[in-house]
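The two complexes that follow have chain A in common; it is paired with chain B in the first and with chain C in the second.
Our next item is the complex of A and B:
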C-alpha cells in the first residue's frame, strides 16, 4: 500500500508539461489542479452514462410519476390532475389486484424452482467428468434463445393436436389436454421460464468455482459426508450468489410479460387473448395502455410495481442479514487502492 | 461406489440434456413437415417426407430478409456502441477518483433494480415529441450511454487489473484516454465478447421497444415473426412459424457458440467477484 503511494506520487508530480495544466495557466503541477484534472478525467469517462441516465431514465421516470397523477390518454390535449385517484383505483380494482396476485404466485413458483434447479445443474456440471464443457454449453443454450423464439417453440410443443407433449402422453395412453388455455396455460409458462435455467446455472457455477478446494478436502479428511460438506461449506459460501439471484429473479418475474408472447397476437387488442390464469400485472398494464389508452392509470400501475419491488428488495436485504455469509472484505477498500492516484 | 456415482451423474446429465434440447428438436421437426402432416394422428415424430419448402415459404410469406436486416442494423449498432460506451464508463468507475463518485456509482447500481418497463410510456411520448419514432436513433442513444449491467461487468474486470500496468504507462507519459485505449481495452476481450453477445441477444430478442417505437415497415423480426404467419382465417401456419423461428434463433445460437469461450470466461472472471 505505501509502496503504491510512493511509486505513484512522484511520477505524476513532475508533469507540468501536460496541456490541461499548462494552457489554462493554473499553477503547474499544483495539488489543486492535479486533483481537478483527475476529477475531470472521471467525469469525462462517467459523463456519457450520467447524461444518458438523466435524459433517458431519470426524466422518463419523473414523467411517469407526473402522468400517474393525471388522466392523460396521450391524445387529448386536455390533461387534468386527478391526485391520487389512479393509485386508489389500482388498489381497489379487483381485476388489477387479481392480476397482481397471479404475478405473485408465478414469482413464488418460478424463482425457487429456477434457483434450486440452476444450483443442482451447476453442481452436476462441476463434477470431474468428461466433456463437461460441452454439457455446460448445451444446458446453457436455451437461455440464449430470444423470448419470442422460445414462446413460439413452446406454443408448438404444447399445441393440443400437433404438439409433442400431447403426442408423448398419447404414447402412454393418457389423454392430452388443451395446454394453451385455462387452467393449464400457467404451467406452460412455468416450463418456458424453467427452460432458461441455464442463466442461474452459469452464475452459480462461477460461484462454485470460487470456493477453495482445500475447504472440501479438509472437511473430507475430518470425516464429513458429501451432504455435510455441501450444506456446511458450499451453501454458506454460495449464499451471496444465491441471494443476488433471488433478488434479480423476483424483480424479473414480477415484470414478466411472457404470456403476451405465448398468446402471440400482440396487436393492441391482442392482450385480451391471454388466458385468464396468465393475465399478469404487466399484461394489465399493456391492456390499459394499448387497448384503453389510459396512460395515467398505466403509469400509476407501473409506479406501484416499482414501489413493490423497492419494498421487496429492502425486506430481502433486511431478512438476509445473518443468512448471507460474506467471506471477503468489503470491496471498497480494495478498489480505492487500485485507482489511479488513489486519492 | 465411486463408479456408480459417476454413472449416476452421467445419467442425470444426459436426462437433463434430452429435456433441454428436445424443444429445439421439435422446432426442427415441425419446420420440416408438410401442412397435411401437421394434423396427422397419431403424431409423426419424424416427417415422412422432410421438405425444405417451408423455409422458402417462410422467407417469402413476408419480406423476411428485410425485417432481418432491420433487426441486424439495430442489434449491431446497439451492441457495438453499448460495448464501447460501457467499457469507457466502466474504466472511469474502476480506475479514476473524483468527488461524488460513490454517489454516482450507487445510482448506477440502483438503476439495475429499476424495472425497465416503468419508463416505457414516457419514453414513447418523449421519442414521439422528438420525432424519433420509426427511426433507429433511440438505439443509437441508448448505445452511446452504455448499459449499467455491462458497465458493472467492465468495472469489475478493470478493478482487478494490476496497478503496475498504468504506472508504467504514466511514466512513459500516457494520458488517461491512451491508458484506457491502449492498455485496458485490449486486455478486456473476455468482457468485450460477453458484452457483445449479451447486448446483441438483448436487441435481437427485444420485443417491447420495437413494438412500441417502430411501425410495421421499420419493425424487427422479433415483432414480425409473432404475427406474420397466419392464413386467411387468422390461424397460425405452424410449419412456417417453425421454419421462420429456426432462422430467427440460429444466428443468436451461432454467435453464442462461436464466442462462448470468451463469454464463459467473461462471466467467470468478472461476473460476481
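Our next item is the complex of A and C:
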C-alpha cells in the first residue's frame, strides 16, 4: 500500500504509454524497480499461503466439483459422468430437503437465541460488580470446550438410563425421559448450543466496551432511561458486531455436525442413528459419503450448501444496509464519496 | 468433505474493530519503508533457503537410509486398533521382522479416504465376512494365493474353513482367490448370560446344547429386564451384538429364507422369513428390554453394561469370553449358550466377523506386509491369542490351545465345540458395504419402532431404499 493510499488519497500513477515511460520505474543497471521489489516481497510472503490455498482449498474444491457431476463412490473403477443428475436429486430427494429444512429451522432458532443470550450476558458482566472477571471466565469456559468433547459430555449427562439428569429426576420421584431420542433430542441440541453462548458473549462484551462512556453519560444528563440508552445508543453502536455474529452464526449453524453426534457413535453407519429431528444436512452429507459411498451425490450436496450460504450472506449484506451503523466507514465507501466529491 | 464444523455459537473471533472516526494517516518515509521491506524480504528468502537446504540435507540422509546402505528399515503402515496392536506387540513385530511399524488407528472413513486417494496402508484390519466381496469386486485387494503357496508358516491345509470368508470369485463368497485371513473368529449369534440374574429372577438357565427359539429368548429377556421410573435398570438381553443387518441376515436364514436374491443384486425383506424377523425385532424394541435402533447402548458395546450387572444376556460370540475372563467375579457367574433359532427353521450359527487383515492392491510394501501376515497369524501372537479366549484360532493346529482351566472356560469351550457343526456362511452383496445397509436400517427403524408401523410396511421401506443403493453400486462394479 502506498503512502497515498494510507493517507486516504486516491492514487494516480501514469500508465506507461511509451518505451521511455515504461522504463521510468526501473533504474538503470538491471536493478528492480520499487514496484517490482514490492511485488516480489508480496509474493515471497504470500507464497506459502498461496501454495496452501491451491493445494488444500482450490484443488479439493475443484475435485469436489468434478465429483459432483459423476456417480463416483471413490473406490470403483467404472465412474461415469452423470451431468446434473446429482444436483437434480438434491432438490427432489425428500430426505435431503427435509434435512435442509431441519437445519434451517435449527438456525432460525439458535442464532437469534445465541445472539440475544450472549448480548444479555455481556451487558450483565459489563456491570461494575464484584468478581466480574470470575463470572466472565466461568461463562466463557464452555465455549473453550471442543464441540466433540461437549457433545460427549452431554451424552453422558442426558443418557436415559445412567445420565445425571434422569438420576436427579429420580431423586425427586419424577419419571425420567429418553432425552437423546425424539422428540427430546432437538432440545438437548439447542441446550448444548446455548451452553456455549460464552463465545458470543465475549464478542459482544468487546463491542460494548468500545462504546464511549460519554455518550451514555450525556444521555443520562438529557433524561434518557436505561432502556432508551440501550436501544438508542448501545444497540446502534453494537450493530456491526451483531451483524458479524448473525453472518458467522448462520454459516456455522448451517454447517453443524459435531454437536449432532451426542446420541451416537460416529461411525459411518452410526451417523444414521442420529434422531430424526437432529438429522441435519451435514449428517446426511457424511452418511452419503461414508456410509453409502456416494461421493458424487455428497459432493453435489456440499456445493448446494456452499451456494445457499453464499446467497444468504449476500442477502444479509443487502438487508443490513439500513440497519448496521459503522462508526468507521468502510474504505470503499470513503473512496467512493471522495471520488464523487472530486477530492 | 471437511467435517470440521461449528455450532451456531462457535463464531469466529471479531475482526479488529476500530470505534473511532477516521483511519489515521501515517506519514511514512518511502525509503525507510523500502529498506525495511527489503530487509524482511532478504531475511525471509534466507530463511527459506536455509530451511530448503536443511530439508535437502535431511532428505539426502533419508534417501541414503532407505537405500538400505546404512541399515535403515522399511516402514510398514498398518491400520488396526490400538488394543490389538499395542506398543508391546509393535515392538515385538519390529524386532522379529526388521521393519518399522507405523500404526494408523482403524477408522472406516479414513480407510475409504486413503483408498480413494490411492494411498492405502500396507495392511488393513477388516471383517472378512462383511467386507471381502465389496473390496474384492472393486479390485482393491491383493490376491494372496501365491504367497500362501510359498509360505512355510501358513499351510493352507491348516487353515480353518472360516478363512474362506476371505475368498471371493467375483460372484460368490467362499470361492476363488484368498484376499485375507482371519486372526480369530466366533459364531456371533451365540450369547452369554449371567447366572446371578437368572437365579435372582427364579428362571431356569438356557441349555448348553439345545438352542432357544427367538420367541423363548425374548420371553426370558422380558422376565429379566428391570425398569424404574422410565429408565431401564437392567437390560434383559441385547439382540444386536454385531450390527442390525447381520442380525436380520442370520434370523432370516435361520427361518429358512434368504435376504439376498441369488445374484446378490437385491434384498427382500418381504418374504415370510424376513418379515418374521422384522416382526420379532419390532416387538423386542417396543418392549424396551434391550438396546435397539431407537435406544442405542450409549457404551457402544456390551461389556461395560454386562460387567455392571445391567445386562442379563449379551448376543456376542466366543470372543466376548476374553473380556469376561479378565474379571474373575463376572467369569464365575457367566455362561455361554447356543445361538437362538427361528421356530420351524434350520439350525445355523454363522460368523459375522472373521476379523483379520488384508493387503491393499496399491500397498507399497507387499512383501513386508506378508512377513507381518505370517508372523501375526502363525507366530507367537497367534499362539497368545489362541490361549487368551478372545476368539477361536483360525489355524486348526492351534485349537487345542483354547483356554480350559476354569469352570467358566470349560463350559464355554464345550458349548463352542458343540456349536461348530452348525457353522454357516451368510454371503453379502459385493455392490454396497454393509455399513450402507445398516445405515438404512438405522434410519428407517427408529420411527417404525415408535409408531405402530407394520412389519410389512417397514419391509417395503427397507427394500426400496436398500435396493436403490445396491443398484447404484452395481452400476459402478459392472
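Simple rule for what comes next: the second predicted complex is superposed on the first by the 286 of 343 C-alpha atoms of A that agree within 3 Å, B and C clash if a C-alpha of one lies under 4 Å from a C-alpha of the other, contacts with A are read in each partner's own complex, and residues count from 1 in each chain.
The definition used in the following text is that contacts are C-beta pairs under 8 Å (C-beta built on N, C-alpha and C of every residue); 3 or more make two chains touch, one makes a residue touch a chain.
Remember, it's a predicted structure, so these values are computed and weren't measured experimentally.
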{"item": "Superposed partners chain B and chain C on chain A - clash or fit", "value": "clash"}
{"item": "Partner chain in contact with A:275 - chain B first, chain C second, else both or neither", "value": "second"}
{"item": "Which of chain B and chain C A:97 touches, first, second, both or neither", "value": "neither"}
{"item": "First, second, both or neither for A:313, with chain B first and chain C second", "value": "first"}
{"item": "Which superposed partner A:208 touches (first chain B, second chain C, both, neither)", "value": "neither"}
{"item": "First (chain B), second (chain C), both or neither touched by A:295", "value": "both"}
{"item": "Touched partner set for A:241, first chain B, second chain C, both or neither", "value": "both"}
{"item": "Chain B versus chain C as contact partner of A:259, first or second or both or neither", "value": "second"}
{"item": "First, second, both or neither for A:233, with chain B first and chain C second", "value": "neither"}
{"item": "Touched partner set for A:224, first chain B, second chain C, both or neither", "value": "neither"}
{"item": "Against chain B, colliding segment of chain C, chosen among 206-214, 278-286, 296-304 or 368-376", "value": "296-304"}
{"item": "Residues on chain A lying within both footprints (that of chain B and that of chain C)", "value": "7-8, 38, 40-41, 44-45, 64, 74, 147, 155-156, 159, 161-162, 166, 170, 198, 203, 206-207, 210, 240-241, 244, 255, 257, 264-265, 267, 282, 285, 289, 295, 298-299, 302, 331, 334"}
{"item": "Residue numbers on chain A that touch chain B, as the complex places them", "value": "4, 7-8, 11-12, 15, 18, 38-46, 48-53, 55-57, 59-61, 63-64, 67, 74, 121, 124-125, 127, 129, 135-139, 141-142, 144-149, 151-157, 159, 161-162, 164, 166-167, 170, 195, 198, 202-203, 205-207, 209-210, 240-241, 244, 247, 251, 254-255, 257, 261, 264-267, 282, 285, 289, 295, 298-299, 302-303, 305-306, 309-310, 313, 331, 334-343"}
{"item": "Residue ranges of chain C touching chain A (in the complex, touch as defined)", "value": "1, 3, 5-15, 17-23, 25-28, 30, 34, 37-38, 40-41, 44-45, 48, 108-109, 112-113, 115-116, 135, 138-140, 228-233, 243, 293-296, 298, 300, 310, 432-433, 435-436, 438-440, 442-443, 446-447, 450, 469, 472-473, 475-478"}
{"item": "Residues of chain B defined as touching chain A within the complex", "value": "6, 9-10, 12-13, 16-17, 20-24, 26-27, 30, 38-39, 41-43, 45, 85, 88-89, 91-99, 101, 104, 107-108, 111, 113-123, 125-126, 141-142, 144-146, 148, 151, 159-161, 163, 166-167, 170-171, 173, 175-177, 180, 197, 201, 204-205, 207-208, 211, 222-223, 225-227, 236, 238, 241-242, 245, 248-249, 252-253, 256-257, 260, 264, 267-268, 271-273"}
{"item": "Complex contact set, residues of chain A against chain C", "value": "3, 6-8, 34, 37-38, 40-41, 44-45, 64, 71-80, 106-107, 110-111, 114, 118, 143, 147, 155-156, 159-162, 166, 169-170, 173-178, 180-182, 192-194, 196-200, 203, 206-207, 210-212, 237, 240-241, 244-245, 248-250, 252-253, 255-259, 263-265, 267-273, 275-276, 279, 282, 285-287, 289-295, 298-299, 302, 327-328, 331, 334"}
